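Two complexes, one shared chain (chain A), two partners (chain B, chain C).
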Partner chain A sequence: MSVPISGAGRYIGQRVLRKEDLRLLTGRGQFVDDIAIPGVLHVAYVRSQIARGRIVSMDLEAARALPGVRAVLTAADLGQFNVRLSNMHLHENNGPITLPLTAEYVRYVGDPVAMVVAESRYIAEDAVALVYVEYDEEDPLITVEDAMTGPLVHADRESNVLLQIGLPPNPEYERILAGAAKVVTSTLRHQRIAQSTMETRGCVSNPTGMGELTVYIGCQSTHIASAAIAIAFGLSENQVRVIARDVGGGFGLKAQPWREEAGAIAASLLLRRPVKWIEDRLEALTTSCPARESDITTTMAFDADAKLLAMGVVYNSNNGAYPHMPDAGMPVMMFMPGPYRVPVYQFTGKAWFTNTVGLGGYRAPWAIESLARESLFDKAAREFGIDPIEIRRRNLLTSSEVPARNPLGIEIDNITPIECLDNLLTKIDVPAFRAEQAEARKQGRYLGLGIATYIEPTAANGIFPLLSDHAQIRIDHAGKVIANLSTHSQGQGIETTHAQIIAEQLGVSVDDVTIYQDDSTRSGFGPGGAGSRQAVVAGGAIIRTARLLTDKIKAIAAHALNANPDDITIEDGMVKVAGAEAMSRSLREIAELAYGDAKRLPPGMEAGLDAQYRYTAPRMFTHATAAHACVVEVDAETGFVQIKRWISSEDCGVQINPAIVEGQIAGGVAQAIGVVLHEEFTIDARGNPTAVTFKDYHLPAITDVPILEYTHISTPSDSEGGFRGVGEGGIIIGGPTLLNAVADAMVPFGTLPDDLPMTPSKLLKLMHSEMPA
Partner chain B sequence: MSDHAITLTVNGRQYTEQVEARMTLGDFLREKLGQTGLHLACEHGVCGACTIVVDGLAVRSCLMFAVQADGTEITTVEGVAAADGTLNPVQQAMRECHALQCGFCTPGVVMTLTSLTTGENEPSEEALLKAMSGHLCRCTGYQGIRKAIKQLTAGEAA
Partner chain C sequence: MKPAPFDYVVPDTVEEALEHLDRGAGDATILAGGQTLLPLLALRMSTPGVIIDINRIPALQGISFGGGATRIAPVTRQNAALGNGDLAAALPMLTTAIAHVGHFQTRNRGTVGGSISLGEPAAELPAAAVALGAEIEARSLNGERRIPAEEFYIGPYASVLEMDELVTAIHFPDWAPGSITVFHEVARRPGDFALVGLVGALTLEQGRIARAGLAWFGMGPTPMKAAQAEAALIGQTPAQVDWKAVADLAVSETDPFDDHSADADYRRNVGRSIFARTLAEALDQGAMA
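Coming up: the complex of A and B.
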């Protein structure tokens, strides 16, 4: 059964203030570095200062002799653990064997070659400076072009191709290209992005008892972390308790533990002491699973009416030496067709090893598909001489064409791109903007309007471990509600949103609901924050669980009060019988009965008030939809892009809490602004990262992000509760919206450069290379 | 490393401690005094997460040594709400405006806004926005912080 719950309930759809905020605003959160255990030792890593070469010798004696140093460990010391790191799917998928410490041959600047374990981080860093490593340096492969022609990054692999994806060549594609009225093509080079969670990675590993391990770790799921650590160390999950109360941003960086966390865990097992590793910002900006670096060449063939006939894509990604998410490019192929009619589709992609730090997955790892597709639609519209909105209207799937399957066989149904676009256009007067734009150009001011549309695949179902979520809800003897969820929050506000769902379903106050999701031993297995899934999947699990619980409450009350269960409702924590106000009982009274008076329960009913349910969303992907618009002005003197307006029109189904929905959109849009205008993980020719502080790596600041305007439509999905998810959409659509606006502003000067970000210097160069038309 | 005795007042309580000359004030407050609400996020003075109030001024605790704080009066995020838990106006505005998500940068934002709006200070919205340009947040796109600033500078009307 799948009945959407109301979009405007007592709690669903309300801007309920966040439960998390009271502790976070008063300094009482518990982040990983806040964990203090007596006798804890601190780790600092000795990292390679060259990008490629053999370790000739390592002199560790001075470091070992430093007072306060408890151990200086190398790969040989950790060999006994036979550590095998897995990817987020919990297996060694295509990646090279990845160890905490490198033994003989370094493959990127920052490759950890030894670790110091000391009484304080200060002493550990002192000792790191005393380690002398001699290398036989080789020329590194930095770019994909280098990897195509250079020597093997991993000598045991057949080539530098980590992963090849694609569709079989379709002869139809070439035929369509040859006969099409118009063929447009463009290349986009996506820079490397430093994920830049404000809380860096970190863990505290405490070996307790016999073969037990308690690990506090920055993660996105305590269960994935527990499973990955268990696999890495040959333990079982019941031996690895993972605790993560507050996590300061995830975005994919913390999807599964990686080399440095595993090193700290190994040290704790070896030394039988609690061991802490907290990444510093230098490490975070240079060696912490950066993302995105890839290039994509897209070709679109149109008929004379600007209707798309075929799309072809060539994609290459620079995945570094030890990728954290080796298959980050795979979804590009799956999602590139988006909400459009794509009769013929061709894709070939390769992920390459290079001598750079391994690539991770960052919020919507496939997002380059929307950047490439949406910017090419705009280019085609310019060549046809039609409006960018019009070319989308001609190619978006209409409601009469769905359900449909995209060229990869993914079911596309129940989507609303045209509705989102229409709703967007009620907020912006495009003809008036065009008039303003024309007038401004005469004065040497360059305004641009960008629009983009997309569908976001959410709540993936069928790719392990992204399948199901579990809820266990109990009403305690005092009538308060406690839920143990398989979810995890790195800022998404799940303690609030999911409490809202519970409060709505059970008829209790949201203040009386407490959610726990911080301990792998407390809740059922779940993959946590990944793929915009927790509202949809855990939301569904909660609704089903609450329904079981409600049925039980009604049965108990009906039996005790000699009433018909169908006449019983629960409102504001009171169990009421229709037409018999005096018979009302508080939930507490029913709970006391359930826990304490078996004789008064219906015959055969088990005692207590708790229930659980594991839910799987009904589709391989649920889809959220959006259309965004933004207006920019490019300063002709400075090349600086000022964002003057930004409008989001989205459909994430039933909204649990619009303030949190808007927060997710805004956070993603800000990250997209970073991608298009500001951020770049730069690497020099020898492989050295060169943006090593937040002064060199430019995160968007408050003055770089405009006030966003939102408009929502809420079309329930067909998953339980009608939710669609909203976690990644902002960064997916924000990129092409802004890129299209900048391109529109720069039309008088020609075509934008093909490499992100669009820095003032690149735009100035463009403006100075061409005189305005 | 040489140790030094320092005496300072933190959130209304006086402490005398021995500290290494090189220990940053941020590490000292977290590790020796347990004020873990103070978050270190970049340790080079750019992100603002570790901001505290020292003798009435917002200061980045990663850029100051503990020994430099000898004789000062310090407030951290743990010290701004009332004893009964009532949030201060900045905390309340940030809560009402959904100005935080993961909450890691939040203590610094609270402290800068608190220092600028305490006592006789009535800064303009623009002045507070300018001050916020020294704080990095990766989650919110700053929308709720902007709203909170508007609310704080709109007086009773908010």
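Coming up: the complex of A and C.
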């Protein structure tokens, strides 16, 4: 479906090859570890090997004596900086004070207690091995259940509850439950997962000149990183230049500099030397803010027609000792009702401290809402004896019911869940599948079909720093385009998509547009990669900026050519006058005028061809919508789940580049497959992470991810350009789609266990515990 | 993840390597393909004083045939073995197993002898050596001995090899032409170590099973030889075999463990399922061939 926007279709909606790929695929990217500064020193951390206890003594002498070691630093050495780490909203957490190094009392395995700064990482690690720390060890709290009954993780806190949220108790809720035709409830335990960015965290901190600091860091916004570093060290942002050209995955892990990056920066300031810390894979899999670990108990009450009357949710999250931000489920509470009618709603959420490494955000931090809601809808459908698609149809908001407000007061408008579902169902013959499934069961083969629907709140607007984005575009004197954007890419392809928007709007070749987003001092402030916002908000900023520029180009050309501005168009880098082909001038010629010949500009017009605009999307959330389906077979011999088909039907508004849209969906679905079937950050009873390499931490491999079938509808959003976000949708909907398919396949054997991931061991146990009649 | 300091020597001959090994007095480690050792060094789970790189010793590479056996020198790359047509003709069951070791890229570097001497209990080649009745040739400055593969392994990554001994060859006895390959591996992803694996060979004479060599991998602390199941099969025609009983017998000879990927019950259940089917299918294919 094509959608009209100005000059539509030459680049918008085209599968333009990614401009960044030649650089990335030929090894010419510039990641943090590629930064080589003469005289740089290397950091390795001394980390606690116990999960909880007081430091009795630390012997650093042998480490300090090792040749090549420049310093061995403890919390006391860094005390002069009075470091204060802040979250991505640039506030200090209402939680424990988080310091780079722990002074007296360790709270998780991996808690940094000292750092070695040496001439090489090899020497630094040799020195780490020479540090002897004596602890007075205590029994750790590993799970939320431990935290409920155990001693305080942080002695200065009143309890192990870091944060509690919820809606006021509503007597109506209990009354509805008591009188409902059917009440279904289930608990889902979401495992802890490792972030597994391809490029680990890292930073190179280089103090230069008079109190200036240049920091190369794996981040999701150079501006947030610069501001957070400035706050942490009592500097101002104009003293902290953050550079991040290429970043190999963020997912939320790199939304804010954290303990280890701050430690390296402190060391560089203390020693007045460039200092590099590159997280290794062992650190990444054990001590790098993992994600998700939470359990959710959801209750739904229905009338006799399977229409939802009320929904209640209890959420608990294991936040670890020093989380990026308290997670008591605020966005889970906000988005749980999704695209459905939920007349009465209850929610309670708690964030718990434990003696584990602190949680970080991860692509769609609230995604458990769709997992819980969509799997419970399927359970309810089974109990009602109706099709899972039918129960959704009875409860989805229709276009005649919007705009509506969800129980949290969030405006729900311009959404297309029924349209996405209908479009999905044109790609899969459900009755034929049901017949095939019944036939297969007779042969001892177990097929399942899973379907899920959701809306995704993209491009959030209103919670600092998630508000606006900025574009500054200039056409140079030779007619080429340079854009400095407030965006930041961790691999999303912004150098391509946003160049497409510019090329479309300015009428130039996409090859003539270069995007810069790598330097906090070059572009305007923006939150970067966070909340599926960069197409929507920065896209809007680009369109508005380009409009300023095209108006100016037309005015200059009209003046110079003695034509009417309304008759002027820009195509393929040529400025044309309608009906007067011979009068065409290249953009370069117009640029030469703009920069070099003030006499020929319209009276009063300033020279040059550059413009900027800061854009805010019109709504608090620009919703994207999708419905997915997948077909699986669970092998009765091994319990392996084979994904046989996967169909995505999404509406992300106007697509800038369908290949990149599909890449975002595929990446999210791959992570969802990891969550449902493979990944688990395991911790033993003493608090030791036990999946410490990719041999034991099971990411889905290419053979585990099917070729997805995509179908798109494109309903323009209300924001400039009509775009909607698509960064997080794949992981949100992929999880329940797959979980529902596995549950459907396993119906003959009973109910799935409540804990993710669904490993072959768990599935085979269920199959053996209850062989079908 | 940087290795601790170590000395590094690159001998040109076996004798020179043995001298280094003797001098290392238990503090030396052999580097062949490095597919296991290098990660262990990076994690500092292995911190040897000296690493003896045997990659440049010509005598430790190559495959030869004759005298009733195939001799594989230990530093033969897994992909080199796979590319050897004579080996595929002589021991197709072994090349089938090698094709499941790691990934194409790791097989370019990984060696047959490295995998066999390391003794990862869920790896393909130690079990293949046990199943096929291989002998492991080991040398030290004090001489040479041959150890039956079945007696070689004593635990995960543990063997009867002495500190001063170097594996200098693996001898696989000939299997009669037409012998049937038995191989089935259950792994989460291609290239992973097995959750459950079965490898071996069967020889039929006049329609009866005359010779059987079968071993499990991923089913205990070492490769587990299915000796009782082998004995139960001898002399039977495929049609006579009580597959369920033989599968139960074969699984009873294992000692599986719980780990990240699966628990012991899972391994026993899957083992029971795959054993009968794998052998029956192999015999069907053998009959057709």
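Definition applied: the second predicted complex is superposed on the first by the 763 of 773 C-alpha atoms of A that agree within 3 Å, B and C clash if a C-alpha of one lies under 4 Å from a C-alpha of the other, contacts with A are read in each partner's own complex, and residues count from 1 in each chain.
Methods note: a contact is a pair of C-beta atoms (placed from the backbone, for glycine too) under 8 Å apart; a residue touches a chain by one contact, two chains touch by 3 or more.
What you see is a predicted model; the values in this text were computed from it and never measured.
Judged by the touch definition given at the top, the superposed model places A:R281 against both chain B and chain C.
Once the two complexes are overlaid on the shared chain, A:L25 sits against chain B while remaining clear of chain C. When both complexes are overlaid on chain A, the residue A:A103 reaches neither chain B nor chain C.
Contacts of A:A701 after superposition on the shared chain: both chain B and chain C are touched.
When the two structures are aligned on the shared chain, A:A478 is found in touch with neither chain B nor chain C. When both complexes are overlaid on chain A, the residue A:T693 reaches chain B and chain C alike. Look at A:A598: by the touch rule set out above, it reaches neither chain B nor chain C. By the touch criterion defined above, A:V56 lies against neither chain B nor chain C after alignment on the C-alpha atoms of chain A. Looking at the superposed arrangement, the partner reaching more residues of chain A, out of chain B and chain C, is B. In the superposition on chain A, A:A666 makes contact with chain B only, not with chain C. The residues of chain A shared by its contacts with chain B and with chain C are 122, 280-281, 693, 695, 701, 703.
Of all the residues in chain A, the ones that touch chain B in their complex are 15, 17-18, 20-22, 24-31, 33-34, 36, 122, 196-200, 246-249, 251, 280-281, 490-493, 659-660, 662-663, 666-671, 693-695, 699-703, 705, 707-708, 730. Here chain C touches chain A in the complex through residues 1-5, 39, 43-44, 186, 188-190, 192-193, 195, 259-263, 265-266, 269-270, 273-274, 277, going by the rule given at the top.
Of all the residues in chain B, the ones that touch chain A in their complex are 20, 22-23, 30, 34-44, 46-47, 49, 76-78, 80-81, 85, 87, 91, 94-96, 98, 100-107, 110, 129, 132-133, 135-146. Interface of chain A with chain C (complex): residues 121-122, 125-126, 129, 280-282, 637-640, 678, 680, 682, 690-693, 695-696, 698, 701, 703-704, 759-761, 764-765, 768.
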